[in-house]
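There are two complexes below, and they share subunit A, which is joined by subunit B in the first and by subunit C in the second.
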Partner chain A sequence: METFEDFLKRILSILFWLLLLSPVIIFPVFFLLIPLLGISVPTTNEFLTALIDPIKGIQLANKYGVGPSSTFFKIAAFPGFTFAALIATITILYERKLIAKVQLRVGPLYAGRFEGVLQPIADLFKLLGKEIVVPEKADKFFFWSAPILSIGLGAALLAVLPLSPNIYIARSDVSLLIPFAIIGFSPLIVLIAAWASSNKFAFIGGLRALHQLVAYEIPMLISVLGVVILSGSLDLISIVESQQQVWFIFPQLLGAIIFYITILSELERVPFDIPEAETELVSGWLTEYTGMHFGLLQLGVYIKFYALSLLFTLLFLGGWYGPAFLPPLAWLLIKLFFVITIVILPRAVMPRLRIDQLIRLGWVWLIVLSFINLFIAVIEVSLGVI
Partner chain B sequence: MVFLVISLVTLIAAILSLESRELVYGAVALALSFLGVAAIFILLDALYLAMFQILVYIGSISVLIIFVIMLVRREKWSTIKSGNERIVGIVTALTFFLVIGYVSYNSGLSNIITPNSSIPDFYDIGIQMINDYWLILEVTGLVLAVSVIGALTMAKIERKN
Partner chain C sequence: MQVVDQGGDKMVLHVGPQHPGSGHFRIVITLDGDYIIDAKPDPGYVHRGAEKMAEYRTYIQNIPHLERPVIIDATGITLPYVLTAEKILDVEPPERAQYIRMIMAELNRIISHLYWLAIYGIFLGHSTMFMWPMGDRELFIDLAESIGGTRVTFSYVVPGGVRNDIPGGFKERALKTFQYFEKRIKEYEEIFFNNPLMQSRTVGIGILKKQNAVKLGITGPNLRASGINSDTRKDEPYCFYNKIRFDIPVYKEGDSYARCMVRLRELQQSMDIIRQVLDRMKPGPIKHVIRGVMRGEPGEAFVRTEAARGTMFYHIVSNGERFPYRVKISVPSFRNLIGMSHLLVGSRLADMPAIYWSLDYWPVEADK
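And now, the complex of A and B:
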């Protein structure tokens, strides 16, 4: 049993040894390796100035090709990973508070002065401090690779999703297909995690996730095809631009409802949280994951949540269009949080479906309805409504 | 250079998928080699084709293969036969691909001149499919429908027994 004082002593001793050994690492790198390779590095003065003065910092970043307009910055920070992780963190707190309010509880309250706003950060430190337990009979390689793959999948989803006419990482002719192709990897990751855990609850959870995938993936793709027919393009930016007059949720209401249901199913949220049903399967395919492994898997799921809500906003709610008193990005974020709210809300009130009910829903109802939606789109285009 | 790395990864993953003793490793290696093929499509500027390669081959086929592997007992299948049969197999495959490669290298394929216009996108694929190849498209659809109905009938018969 380690007391808090022991913990502090351990951290301080690690710091002491790091400081003591740092010249051994720093001197050869700075005075032998860097002059030999001919890389130019910022001097200490430049670096310290950049830490204090943001404008100097941006100049220094521009000099080394990682400034705000570079591709690296786009991927790592603003429309890309860090922004998505920030939204995901906000979503976690928002979800807990919203469900608590719906169920007449208070939710997280103590971390932070106001209404527990620092709860995600407290959770992060808790997860960082926990021990990572790998089961003895687990397949070590796959067990370690699943959290990394999960976070990689979440980050890859963001590559083509635009936030406003100018803010995007990459633009492509077929940018609508790319997120769907990347989502196709997620059952593979779930199966790898479930199999590598060598735990029966995890394994049953993985098999259930696969059944769920087979039931909803086809209606998900077909429900989006109606939007493609109406806008005549697979490029997300031109799909949004063709909604300047009418948002596609009005002519494509059925498609929007089907896409909403499949989002719930893809994210394994109530009422479709069959793969990780807490009351039956401990925690489904996540059962054996602890500490930061679990944190990375959850972060991957919530980044996927952000990406799919953003996709719904872009496809059906007119993306960044709105009255001109707010900038496009603000409209997009307002609509995004509206979608996140309606995705969260069923968790507060709905019971869980059984797996056979879900499969019946997917194969019997959703596929047929999505084909009907496709015909509605064709009729609307040929009558010239849109 | 990029092409070399991608094709090396694809080939190694393909060999691994045949040779690995753990069947799940083999299935994941198969998915990796499908991904390599998709990357080669991207190098050829066929992004549309690459996305469908990922959707169909990784999203459904390799997932189904892993599904089947997990349901089937391991001991039955993991005996890899060694000795003569493997050598015969390798020699046959090598001869086959050498002959095919020789024939296609010496045919007119290597000096076809493509029209220097822009890269065909998915609009062109759709127009071609509807105008020139509509018969093949409909026959394919018919075959798929027949196979789905057949599978359903077989499932019902098995449930009755």
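And now, the complex of A and C:
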């Protein structure tokens, strides 16, 4: 039987031969045919040096407009998609290890030399190797579009979330509203996936996701309004900057708790994993998805997880502010993983709620409490506490 | 799969046989919105003809054969068979063997209840409550393995006694395990049974009224959760259950939560029974050895015992041959299945797992 290490060795040997053969096959095409079209390309020497020398590589990338300061790099790599996917992957591993410790298990152990650190990569290769099964009676277009939309939605959330005063993709005066506008689409994607599967269990799961939206969306928006009143701005960077003295979690504790509960609900995590309730609905709206379809849907959910945890950090935990012995980005990541831990933990200690209980919780408790929280914010501002 | 046109906005949902929450059987549920308006349990997917096959096996060969229907409660289903066969074969087991049988029966009850508890946890979406009882169940499996030799299918009780004596040092290990597990029961209560979310999912859900429980013929912990103090160990004592002091946990409410609590309390009671048995046990022979081929007297016999899921009833007819003429098993799972459709109708779809598994229905046992 092929072990995971043998498998990695095989992949690496394929990459090695590709690299060796590429000068013979790819470079002639690249350097002979493309200049005929009138586009300037890097010389062979430049290109090969860039492959092994990072500084040269950055210079070359800058020359063609994809360097670290370019918009393309920002969107694709650092504050954008690749960084979010990396955090999402770490979150998946961290969740599995943390829940395993609570449940007196060891969790992933064998992939990688230390504590199964390579397990997400092994899972990725497993998902890539699986067959993508599309049900015969499914609506093919929408069935294929749901995973792409899911990951697109996750990525779109990242557009305006700053990581520090000068690390962000785009800055807007209303950057707080943009994530909430995008999040509003997520139950639509669930419904598309559920409807296109033409499966009864998936369909019930999709309907439950819509009901869930009704329960959490309004308190989520109102709980954030308290922060807006205190800071007097809808710009996330100004909101963080107004927390330089006091983090908003202290004057806005009630709002933070409501926002935390609605995050759990939005991410369909225990105790609100009602749309994918396993024992009633097989896997809910995910029932018919296999292989990389399933992987993309899950990655989309975990990128959303990262974005919402980051939003909580920015709104209530003072973003990148902290004692000066660590850089701002490090403080942000520490707070981010603290939030991620708190979002993960209910999975270890709570059972699942029923949809009618969630709707009652949302309409009877959360909406009323979020309005009370709004009044608290108004009173605090008028008394000049903040 | 037949398509039933219910008209209007009703939906027919086939839960099982390929469904993570169904086991080897199917419930055909008709939904009106979120409410179940009709539930038809459809057992029989794992029917193996255990009763008929028992007519072609000797009294000894039948022991490993008849424990297949419910291997997680192996002693629970073989003990009544052996007691019935002993009546047919006219042998009396020694005193020590009777006590060891009680130890195995109660250990198996704990193993079976812990398995049930683990599945109930994950049925409510509580993954920690799946892992903890499954892990603690291993301790009791180890104890039972040290007596019976295998992890699950012990085939330990034989006509005339038990196969072998309990090993040395068993008492100390058992008491140590019980001491540890009593602490764990408190932790189970904290994380699961006293959890307000868990209570909101089970309290008042699937209420089985006292008169309905009697009318539908429910047995075992499900009957005791409906307020009826009925336990074969007390009502018709077999082995030496009449010499042991123990309480029958009875709850009046009859809902899913009461059924959970009955089983949780029974874990404690079973450990108390084993403690008393270990104190009362005296050294002595463990088997009345039967020489030659076992041939029963012509006639019939029946025995009722309390298995983990309820009353297990055996009726054996013998015509004096090496094989029994007829073996009839009345299993508790099938009797509890009758109540399932009664409980599911009128509840919500999300309550289906909470009600279904609170009955501790084991499809293989019901199908035999």
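One rule holds for everything that comes next: the second predicted complex is superposed on the first by the 350 of 386 C-alpha atoms of A that agree within 3 Å, B and C clash if a C-alpha of one lies under 4 Å from a C-alpha of the other, contacts with A are read in each partner's own complex, and residues count from 1 in each chain.
Operating definition for what follows: a contact is a pair of C-beta atoms (placed from the backbone, for glycine too) under 8 Å apart; a residue touches a chain by one contact, two chains touch by 3 or more.
All figures in this text were calculated on a predicted structure; none of them were measured in a lab.
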| item | value |
| --- | --- |
| First (subunit B), second (subunit C), both or neither touched by A:94 | neither |
| Touched partner set for A:363, first subunit B, second subunit C, both or neither | neither |
| First, second, both or neither for A:144, with subunit B first and subunit C second | neither |
| Partner chain(s) touched by A:371 [first = subunit B, second = subunit C, both, neither] | neither |
| Subunit B versus subunit C as contact partner of A:321, first or second or both or neither | neither |
| Touched partner set for A:187, first subunit B, second subunit C, both or neither | first |
| Which of subunit B and subunit C A:280 touches, first, second, both or neither | second |
| Subunit B versus subunit C as contact partner of A:338, first or second or both or neither | neither |
| Residue ranges of subunit A in contact with subunit B within the complex | 139, 142, 172-174, 177-178, 180-185, 187-188, 191-192, 195, 203, 206-207, 210, 213, 217, 234 |
| Sites on subunit A touched by subunit C in the complex | 99, 102-105, 200-201, 204, 270-271, 273-274, 277-280, 282, 347-357 |
| Contact set on subunit C toward subunit A in their complex | 11, 13, 15, 19-21, 34, 121-132, 135, 191-192, 195, 197-198, 200-201, 348-353 |
| Subunit B - residues contacting subunit A, complex | 24, 28, 31, 47-48, 51-52, 54-55, 58-60, 62-63, 66-67, 70, 121-122 |
